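Presented sequentially are two complexes of chain A, the first with chain B as partner and the second with chain C.
Our next item is the complex of A and B:
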């Protein structure tokens, strides 16, 4: 309405920058709405009430302080794994290795804690050491995929996915073997960390510090990609490898560094899973946070800052899953169906960039 | 499908008061064009003059804001390229649209809108043979497209349109991929077909010689407007260029100043390199380029010139040999590019020099983003300074863009190349590596770009120029080398050789 009054008798014609920003908001938002509609059809076919469903998602995910804290708790690892996909995506790499880095990172932090706990180290040294170990192992693990891609020409998507399976297998092998705590009878786990060896909650909430770490990293990585020479060089290499080579940019190092950063983010998520949630490493670490992070990064258009609200949205979906299951008598997989629909709709919406009719003005006609 | 080829009807086509805007940019402004039935009509204009926009409106890729298309005097509603094909309007693009791994016959059959689920190849073959027999030129039906020469591919593209019964042919700079002999053959045959009333041809061209030799009539566009039309035979070349460029006129060609200042020399010492399959693409190339000198390397494409440029720009690994600048070893890294002031204008800038999705200002900053003032010592960037510097250079190098923030892919070819020039030639240049800098550009851009290269030489740069265009080599080079099968086979001062001599060496091992 205001547009038509402030631009009388002429169409709203944003400049190129504004148009790009509008596009990057309107299109993912439109895709979300479209997937909600498609999912509603799915519910109607099942004879369920879509309005009730989205109402429950609201109640279970955002509606109360309790449920919102539950949402944030689940969003924390998703922010980190979302960043783990978004950063290498800017350099043109599609990495599916976050799950593996999370699992191995979490496992490493649980293992490195054992001698420190037994040796009576102070916790304020122990926890940072655990976090650094998780980041180092996660970074190195995904760094392998970057190295293979650049120096051996191996497709990084496939290698990072396979590395994830290897990582989960290694963790299971060691948890059920040498690092198994004799006390863990039901589910093979590493030695449990005592209550004082845990990362606590952010004061005044029931959300652990992983959320704060995610927020800080999101800002830092946004600055890294948008406001530093490293990020600029990465964007050149991601946009046109040959041009980056012709500019003499160290494309190999950029690729490996991006992968290491990605792995470190995911590894840190693993650390918080161990030190804030489970208190030990076991098969529960492989909770698919790494894969949901891909979805988060896609919806965020690989923008590190946008990863945060999107991760919260997916956290809300996860947090309300139990409620939906109970109240509407629907299987656990319902939320996966919704996630799948969102993902497919998003991929389709990628084709709309530069084609929104009301933003056509941004297309320069200076072609021949 | 192939039944009616014996009695074809060449349609006439008109555009009436056609206008098309993209945002604030008026790409076409009230353009009327008339192509008579059975004529060979040339559409001329500089880059950005609106030629492509006009034919894209005719083809239905764009919807004109105002105006009509008349086909044989009746209004034709073209909402999509499919509509255009149904009306018998077909287009040959600058780049090939054939499937390289299929044969010519397969390409023709799959191009049909009504290709059947199960193809009766025996029957199709008979029909194709009959079709080919009715055509003035033919292509081997069994040949795989990837084996065909550029000329044969271009012929096949044209045959495809005729096979689909499209009788109004739009050709977008069809000869840019052809050798002069191939170009003459294809255009001559098309002209004959037009004069027999079998087709009507509208050809976008930059080359006056082709227009004067083969076309009947012409229309010139300038900055989106109609600038003139008439008989191609009657008009003079100077009148044509006047219409294309307008009153502003061409900047004079660069003058070569003698005794340029002394500077570092680029020396290649027995350079060798291989392609991915291990075949030698550059063999033992030894060459010196002195300060204040342009060494032009001529040759048919695919004889190692591109690979040589890639070696110098760090896009390909050096197997053996050494590059030195002023006696010091040169590895193509960013630090050395800066240290030795090495700059480059690679061929196909969209592929080798820019990131299409990044903005014009960002693309202009590729050389400077990691140094003050764009970045501070901590590596933090200043987007405002990048944008400001971009805007300054856009103005200084006369890059036509709607904004410094527009993605560079929205610019025309000449303006992309000007943006690259702005990036590479705005500072002090000691070594300049140039490859086919004017490929596919209109001649105002061409003279602009050649002048800038000459000026870099006059300021004392050592310039290595690879070009498939002998005219360009002779206009610019102080010494001329010929590259053939990865080797330098000829080297002579430009003053002591001529096009015939160089041409002999270029063709020598390819005859």
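Our next item is the complex of A and C:
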């Protein structure tokens, strides 16, 4: 029996394509509202005022020019690491390697910059070289997981996660060893690149260029996955590997290429952490953006374009988290609880696709 | 730790200012205007360590009329801290920002200070350079080795075997100085006392700290001192094994009801009161505040059940001696490789001591 029988027929009868679009908006929004309600209960149990809480999230994350820029700045690395999870996910690979690619990519860009800074290279050559180095190293690093997957049959989830720990260890080893700046005594770092070698802010804002890079890449990768033969082949392979192989699609190359693209995105995030934020490489590069990106991509249902608004949502939660701590005297973990509730609610809401009663009639015909 | 930019004269001047201000009854300060002070911690406020030592001082400030305190915990050393500081300035109207973690300084405190010239920013480590850094930034720090010396005096008279242990984070100057002072304190009351040190290699590595504590007790040490970010694990492990303990950073008495002797604590409230008072009166906030017992910037935790009556008497006398300027490092002293490192009596704030890269004869362990 279809669900639609228990509801009066709506006059509104969109075609299947429109219905899919409506679903993809209504279901996540409904899930967000549901998680807000669940979280409000949690707050009430603690004796805190939910209205005040969401007011502070508004004030701290969106309510003013400063707050919104704060949100966007925090969203910038999450867009790139979200893409790093979303792209290989379309070909059916669950990659947890973005953190490692970010760390190694950022570190490589900081190291390759040292001879250029000392040699007095022009910055407009140096910064692109740094960015390319970060993308190349990040791409190669995650590419290892793709290669192992296809040619040696190693589970890519495990290998990419382990590669992340190896990457952080390599970075720490080199930063505390040969590439350590002698001036960095209490916190080992590479040589500071100096103010001239910083990627500035987008004019008129206090948000660095990593945001623009993320937006451009999100569009490019959406086009790649949705509007090219590469993306089509990748989605076929993700949907049914045997069918793709039977069709003669180059499954191995697609897998490795997806991993390289993912690693390059994360490596680019690392470049911006070095060139726009830290001005050097040190242990602070491992700030878990790579792991938060997994959550972002999941909630965006692996759609590169949807990664952007989800990353901004997470940025807003991060940006307002401090204000909630300060004004409501709540611990730092509060925002993690909210994120967790959103995550679970959205996962549950996945089951609703194709089952919304008011869209049912036209989608699957009258089944009564 | 670099101290090259801070002259001894400047330090003494800062010390005099601190002593003078701490002598004033704080409640007598007239409120020229209400002020907001924001503090940022890299870890949880209740970590029984570094962050708690600052949070405890902020709690004292909270009770002062006209002062509003805002706090944020678990702020990573990334652009998160820059944005959190800006958020405190823009949304809470903070007049003074206290950045308490080492990695906050460069570039985040420096950039924020340059961007908001009307707001005062102070960072807890000797990093501020009067030549190059913004005038509205500054540093404060304490010579905690003086309190570790008192720990040593009390430990020397509370130990049955004279074999003391020390769980240390990294072999950097502050840690080495605390360890050496611990030894000299113990030797001042028991010339045969020894200190065995184990470095964990990280500021916070609870598993290795527990292993080190157990190893030291297995090696025959019956009192354990320490310098790690949060000594909770060290104190609890030693208490469970029946060994006595000396604390570090914050009040850990409650963790060891049987074996706690005393602990080395920075008295940040002295500094914070000076800042608050200057701000309320509309006076210049000192750029540099540093000191030890002579200007009330360090203290020892009230004695616990592990301290013998002789230990309490001797430690109390040692505190009086330090307040009067009695030197800790009195030569000739050799390092534990046999080199003569200190010839005569050293002032407790002597710049030469900032270059300490050795363990004294009597400390078993290696800096490499």
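Some notes on this structure:
By our rule, the second predicted complex is superposed on the first by the 350 of 368 C-alpha atoms of A that agree within 3 Å, B and C clash if a C-alpha of one lies under 4 Å from a C-alpha of the other, contacts with A are read in each partner's own complex, and residues count from 1 in each chain.
Throughout what follows, a contact is a pair of C-beta atoms (placed from the backbone, for glycine too) under 8 Å apart; a residue touches a chain by one contact, two chains touch by 3 or more.
The shown structure was predicted, so the numbers you read here are calculated from the model rather than taken from an experiment.
By the touch criterion defined above, A:232 lies against chain B but remains apart from chain C after alignment on the C-alpha atoms of chain A. When the two complexes are overlaid on their common chain A, residue A:250 makes contact with chain B while staying clear of chain C. When the two structures are aligned on the shared chain, A:242 is found in touch with chain B, with no touch to chain C.
Judged by the touch definition given at the top, the superposed model places A:351 against neither chain B nor chain C.
Contacts of A:185 after superposition on the shared chain: chain C is touched, whereas chain B is not. In the superposed model, A:273 makes contact with chain C only, not with chain B. Contacts of A:66 after superposition on the shared chain: chain C is touched, whereas chain B is not.
Listing the residues of chain A that touch chain B in their complex gives 13, 15-17, 223, 226-233, 235-236, 239-240, 242-243, 245-250, 360-368.
Residues of chain B touching chain A in their complex: 20-27, 45-53, 313-315, 332-337, 344, 346, 351-359, 362, 365-367, 369-370, 375, 379-381, 383, 400-403, 405-407, 410-415, 442. Taken together, the chain A residues at the contact with chain C in this complex read 59-60, 64, 66-67, 70, 73-74, 183, 185-187, 192, 273, 277-279, 282, 284, 287, 318-319, 322-323, 325-327, 331-332. On chain C, the positions that touch chain A within their shared complex are 1-2, 38, 44, 70-80, 83-84, 86-88, 90-92, 102-103, 106-107, 125, 170, 172-174.
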